[in-house]
Amino acid sequence: MNPFRAAIAVARKDLVSEWRTREMVPALAQFVVLALLIGNFGFQIDSRNAPSIAPGILWLALVFAGLIAFGRTFAAEREQSSLEAMLMTPASPVAIFAGKAIAASVLLILCEVVMLPALSLFFGTPFSGDLVIAVLLATIGMASLGCLFAAIVARVRARELLLPLLTLPLWIPFIVAGGQAVQSAMGLPGSYDQAIGLLIDFDILFVVLTSLAARFVLDE
Amino acid sequence: MNPFRAAIAVARKDLVSEWRTREMVPALAQFVVLALLIGNFGFQIDSRNAPSIAPGILWLALVFAGLIAFGRTFAAEREQSSLEAMLMTPASPVAIFAGKAIAASVLLILCEVVMLPALSLFFGTPFSGDLVIAVLLATIGMASLGCLFAAIVARVRARELLLPLLTLPLWIPFIVAGGQAVQSAMGLPGSYDQAIGLLIDFDILFVVLTSLAARFVLDE
Amino acid sequence: MNRLEKASVGAVALMLLAGAAIFFYAPTDFLQGPVQRIFYLHVSSAIAAYGCFAVVLLGGAIFLRTENYAADRWARAGALVGVVFTTVTLVMGMLWAKKVWGAFWVWDARLTSTLVLWIIYAGYLLVRRLSEPGRQAARLAAVVGIFGFVDVPVVHFSVTWWVTHHPGPVIINDALPAQMLATFLFTMFCTIVLAAVMITIRYRIETLMDMKQLIAGPVHVVITREPGGVAGPVQ
Amino acid sequence: MSMVVANGLTHRFGPELALDRVDLVLDTGEHMAVLGDNGAGKTTLLRVLATALRPTSGRLEIAGLDAFRERRRLRHYIGYVAHNPGLYPALSAAENLEFFCDLQDASRSRVAEVLETLGLTSVAHRRASLLSRGMQQRLAIARAILHEPRLLIFDEPDASLDAEAAEVLGLVMKGRTAVIATHDHALANRLCPRTLVLRHGRSLGTATHLRVVR
Amino acid sequence: MSMVVANGLTHRFGPELALDRVDLVLDTGEHMAVLGDNGAGKTTLLRVLATALRPTSGRLEIAGLDAFRERRRLRHYIGYVAHNPGLYPALSAAENLEFFCDLQDASRSRVAEVLETLGLTSVAHRRASLLSRGMQQRLAIARAILHEPRLLIFDEPDASLDAEAAEVLGLVMKGRTAVIATHDHALANRLCPRTLVLRHGRSLGTATHLRVVR
């Protein structure tokens, strides 16, 4: 059994389905823009306080978009009860899980591709390579955690609602470190390198942990 | 055919199902608290700027909770393909729609019951009857719009993702007027009465419009 | 050339004329300089977009009442063209804003409500794309289009209802020099003609696509008698 | 009197012609089975007859009323069982039926009756999600007859039913007009004096006690 | 050699005893039908045999391996069709199968073969969501035999199949060990020399060409 073949097949299947139905990407992208919009209504934003508020809105929007993307990736499988069929094959659950995580992250990254320029366009905050790196690093860890918990809640009723509950607490390290990195990339005081170092540590920790845990979550 | 009997039956069925499975309420409530937490991490909040940031967080959290609650109410029907069965009865679609809107609003109100005290607990903002009235008034209009669009997207692919896209723009009046009312209830300058009057006008407009439109959305 | 082709050539020619008027006839604004010339197309395309969305509103409402698919096709055409013109307004406005306000975007009621308008009708197009073609899509979209139109007056009156960064009404307040006003009125006329032609062309395309899909062909009754009494005539 | 008069019912799903000018007259009290290969268009025909799907073209009259203009009224007359039972998983069998009583403006006393008829009394208080497939199918049938409809439209009602329940099917249909789609020719012959065979969306005509030979 | 050896398989769903000490020995190449009323426990038994459900107690050996310790390896041997087809709606019939080829590490050339076997060649490029119920069922069967399993576990495979496809079922089972749950006694007798009857989760014993009398 070749786990890479299985993982790639799963990721490709998810992305092909997405491409066919174009369910997530356009709506996700516009949803993110809308989050910006609402954020703006709640807070009186001007050029002075934008760098301190924009990261908060960025993370809020990304967190919600991520929850939806990850929730959807397993919910769709369950609605179709195709998850059981997939688990009845000899493919390793870790490979299946990795495939789904890859596909969901690709979608989330597409979503960030819209989000980051929109942010600097609408709030006038600087757009830099540092910003992109910080967001990407946070995405890796958030994606592996998000997928793990999405897999857990896919086997539970009310998955849309349980998912945030389980995922958000563990995303907080990424939100805090990522928020710090983004803020300093936007010119506020704070050490960018330190925040990035933290993000990398968290990434390694959680990618290892989730791939160990995937077996227990998807098996049976 | 008695439309009230049908509407009440639908609302009761939804609430009984919810009570049995306890899918939404606890998760929704904790989800709201978590949103507060994230809000806290994203923004540097102190007692000075709390009244200007807290309403933003309140509305963000309520909007996302609302989207989930309304999305779920029709998504569950569709997954079970019980929506078709319900529409095959002589009960009027408007009555069915009203029943579902009532049930979803009850859930959203329960959610606010957690949210408002939590807000004043976390951010130290004042808690008053004015605040409650403003939030409730906004809820009515948002609920009827949310249910209408939830019914629309229940018949469309990618409903989780299209719902925010359609609903948020039309919720903006409530978010704006409600935000104003909440801010002045929290002691910021701005006319509370004017904002409340606006909310009432919007409520009447959209409740009438949605009950007219329900027929076209649910029929067939 | 058929009539549509003639009309399109006419509309393009009119737009070129309008361009000439904007750049060679209209005077340069003494405060803002040449960038003010954005004004003509900026406002005209906003008004053309309102017109398109009115077509969506009417088409949707008529479809809901009569189930006439032609009305739905007009609505579809209107939405697409309206989104195009809203995009033009937004992009032109943002370019202008960069020059005179120093930022592509500020959050005020006019700008935000215009963005919301764009989003609503983009959502309209998505609903069409994602629901089952035919009656279902037509009805759902009609409802979205009717609700969405609520935003049009909001966009228009936003500058009077709220305090905005965006300038308030200048045209109806007689704040424009005569030459500018004339240029503006002519540009607006040309833009509306262009929008009407674009809608008509799109309507044709939608009709052809419907015919290809045979989504909503006319209801025709075939009465057949088969031995064995399978079917009898109606009544 | 004719209960169902259909003329040239045609339905297209995009390019796919699922139903091709089907004509049909069904007398009151008549039972008809719809047979045909997979993909022949049985489900499509039944959904049209149940007014759940609007045909691309064609006319349909039920009980003398235009089926698509008077749809709301007709729904008092029609009991429809689809492929998918469409039950509320969190509600018990009895509660599912009670809910539909309210929607149908029927008296709740019917619930116990139909549960009894379908042999579900012993699981009346079990949640629908915990019922076996056959029991869910029985419950869907029970729901379709709550309001004592005159016209039954059953799409593969025998799927997952055991022999005993298949008997009950005959009982349920007695005294009512019925159209059932099925793959079980023996059952069709037993329950329905008349048979309509579809192939590629076309009616091959109807027959009495047809022995379909392949 | 025995393909399946089950000892005292018992499964409880909460208070409900769905499977009650079922013993079973199945030789390689043997075909067995599982019959029983609605709610008798057929699906529960089949899910346990397919290693999709872990029984509350009891032992199960498949091909000489402990079924719950060596589950991953056994899945190469087992082809399972559940009640619900579980297809990917946005993928075409062929793509669905190709995907499962990858997961099963089977060669993609099998896809055309099994599509041919199940008579799905003409709809190979149609999206799964647009297939009729019977075609979806065929596709689920096609998926279950992609990897040439030695043991087939089919839960009501005949549901919604037309007569032609029911024939194919016999072909598919040839040369393999098979357990099928069904309500169609005629089909069971035709395909399976051996029959297991369940009642209230209990095995009433197995019989050869049993004529079940009620």
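Labels for the chains are A, B, C, D and E, by order of writing; each one numbers its residues from 1.
Basically, a residue touches a chain if its C-beta (ideal position, glycine included) is under 8 Å from a C-beta of that chain, and two chains touch if they have at least 3 such contacts.
These numbers were taken from a predicted model, which means no experiment stands behind them.
The minimal number of chain-to-chain contact steps leading from chain A to chain C is 1. Ranking every chain by how far its Cα centroid lies from the centroid of chain E, the top place goes to C. Separation between the centroids of chain D and chain E, computed from CA atoms only, is 28 Å. Rounded to whole angstrom, the centroid-to-centroid distance between chain B and chain D, based on C-alpha atoms, equals 38 Å. Each chain gets a centre from the mean of its Cα atoms; for chain B and chain E, those two points are 46 Å apart. For this pair, chain C with chain E, the centres built from the Cα atoms lie 57 Å apart.
Annotation for chain D: residues touching 2 or more other chains are 54. Chain contacts: chain A has residues 21-23, 27, 30, 34, 37 touching two or more partner chains.
Across the assembly, chain C contributes 116, 119, 122-123, 126, 130, 135 as residues in contact with two or more other chains.
On the chain A side of its complex with chain C, the touching residues are 21-23, 26-27, 30, 33-34, 37, 40, 45, 47, 121-124.
Taken together, the chain C residues at the contact with chain A in this complex read 103-105, 107, 112, 115-116, 119, 122-123, 126, 129-130.
Contact residues on chain D toward chain B in their complex (touch as defined above): 50, 52, 54, 72-73, 75-76, 78, 80, 82, 84, 86-91, 95, 99-100, 102-105, 127, 143, 147. Residues 145, 148, 152-153, 155-158, 162, 165-166, 169-170, 172-173, 209, 213, 216-217, 219-220 of chain B touch chain C in their complex.
Residues 13, 16, 36-39, 43, 83, 123, 130-135, 137-138, 156, 159-166, 183-186, 212, 214 of chain E are the ones touching chain D in the complex.
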